[in-house]
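In the two complexes that follow, subunit A is the common piece, with subunit B as its partner first and subunit C second.
Moving on, here comes the complex of A and B:
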């Protein structure tokens, strides 16, 4: 989970690492955009071998929920 | 006004090669060509799906060659088996969705090999082995992505932009034999290519409503344009890039 948060946070350029917690609602982060979403999908595929879809991403609100989707796939 | 003695839109008596004919736009092009009277040579990697395309063709005299065009030996074997061609549709290609900051070297090869390098090398062989009849028509299926940016589409767009530039030069070089070369630039078309990279069908169904004509293209829409470009009706067209996009000015 810790590593996942780090990898997730790495897709952002200007948001402090401390802002990323398991319960963080990532869509509320100022820097979040559809391009960040694309970068997250790409990171998950390359680092975890899991192909997320746009709807997978839309179905969750927090980083932890996303992590759970990734580990369940 | 009387009708012309022969229909300029017909492909009667022509032999047409279609790459990537196992699914999507390539399959629709092969079917449309056969319905317009052409004898079609189908090629793609997947034998089972290629057989399915073959079973959907009208008329006889068609040919099926299983080949992975990114492999030199398989390109050579395909060209060896080909009769002389009156039409070539360079359609085979793959999609990709990677943001620029995440691009790795292998992401580039995975797209550029099938989308750009294989068609260029196949084309070279077809010319070298004298498989193209005088007055033939060559069609490249490029993409509107070459001109209109969309996030995550950098490698794919670059590969199609390169195809378009290549095709223009090819057209110039082949013009002395009255061989014409044109590109089709479709916007989003309902095929496996657009749903493969993690974008759900539901998301696309919603997005297509932004197009002025309220829908993405069907493979048949692109096939009909290909038939026109392969036929004598487009005799004075070469080096063109035809956009077909339901009125969309972005992807």
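Moving on, here comes the complex of A and C:
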């Protein structure tokens, strides 16, 4: 989970690392955009070999929820 | 025999669409966020009766005037566009006449988008090296905004219209190196205007909106952002590596990288993937947006003006097709 958060945070440029917690609602982050979503999906495929769909991403709100989707696939 | 970029000029249509205007149409959009993420503050929009051919002519006239080029020397004109003036003839043939170029001048269109500038340079270099032509006028011009549905805020934010003119000669400021080119037609439907040409001549009038209120219509430009993102993050690093190998260079020997200016987020993502520092990465998007095949010549023109185009410059285009291409420019 810790590593997943780090990889997730790497897709951002300006947001402080401390702002990324399991319960963080990532869409509320100032820097979040649909483009960040694409980068996150790409990271998940490259690092975890899991192909997320846009619907997968849309179905979750927090980083932990996303992590659970990734590990369940 | 070597081939060089001798001169570059560009033309942008008069009408400007600002982020403020876009946000007034799409209140859920934020002016700052668009500027920060996509990196575009304004884009130029072709007039209703202004075509890619019209803009290419203007860019060429500007080139001739700016550098005092005698148009009699042009013995080939290539226009790269996906918004030609007609189905037939080639817009390049019409341009030969409009520019008053010699009738012994060859002319044709190349139908490519974001990778078009590299393919145009490859063709021009091929003509020079093989002795087919001595001075190739390479034009890139696009009016994608005419293909975009008015409610398609994403694409209206990214794309702008424009044209560029490049003279490729046996002398110049940037020697054109070896190329890495590639294609994967499986991505054809990821960025497409489906209706209007031969496969589907009649308009389909099948407009529908998805859950994000994004319009989907066969009669308009469709872009699958995720597919494009995945394709570029896979293809571009491989292409960069191949280009460096073919030019016997390593990334450390590259002085400036100029990618197709797709949008700021995307190209910065690629920059980080490739571990290229910001100082060697050129971005010119703010006032023009993504002008498709003209983003690289426009960026090169501005980089020359800023005195940043020296040494080995890596240029790379990628997108619609899927199609990609890159080369090294050895600059003085």
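By our rule, the second predicted complex is superposed on the first by the 73 of 73 C-alpha atoms of A that agree within 3 Å, B and C clash if a C-alpha of one lies under 4 Å from a C-alpha of the other, contacts with A are read in each partner's own complex, and residues count from 1 in each chain.
The criterion applied here is as follows: a contact is a pair of C-beta atoms (placed from the backbone, for glycine too) under 8 Å apart; a residue touches a chain by one contact, two chains touch by 3 or more.
Note that this is a predicted model, so its numbers are computed, not measured.
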item: Which of subunit B and subunit C A:54 touches, first, second, both or neither; value: both
item: Which superposed partner A:41 touches (first subunit B, second subunit C, both, neither); value: both
item: Partner chain(s) touched by A:5 [first = subunit B, second = subunit C, both, neither]; value: neither
item: Partner chain(s) touched by A:29 [first = subunit B, second = subunit C, both, neither]; value: neither
item: Common interface residues of subunit A - those touching subunit B in one complex and subunit C in the other; value: 34-35, 38-39, 41-42, 46, 54
item: Complex contacts: residues of subunit C adjacent to subunit A; value: 33, 37-38, 154, 225-226, 229-230, 233, 263, 265-266, 268-269
item: Parts of subunit A lying in touch with subunit B, wherever the complex brings them together; value: 34-35, 38-39, 41-43, 46, 51-55
item: Of subunit A, residues touching subunit C in the complex; value: 13, 33-36, 38-39, 41-42, 45-46, 54
item: Residues of subunit B defined as touching subunit A within the complex; value: 97-99, 101-102, 104, 151-152, 198-200, 202-203
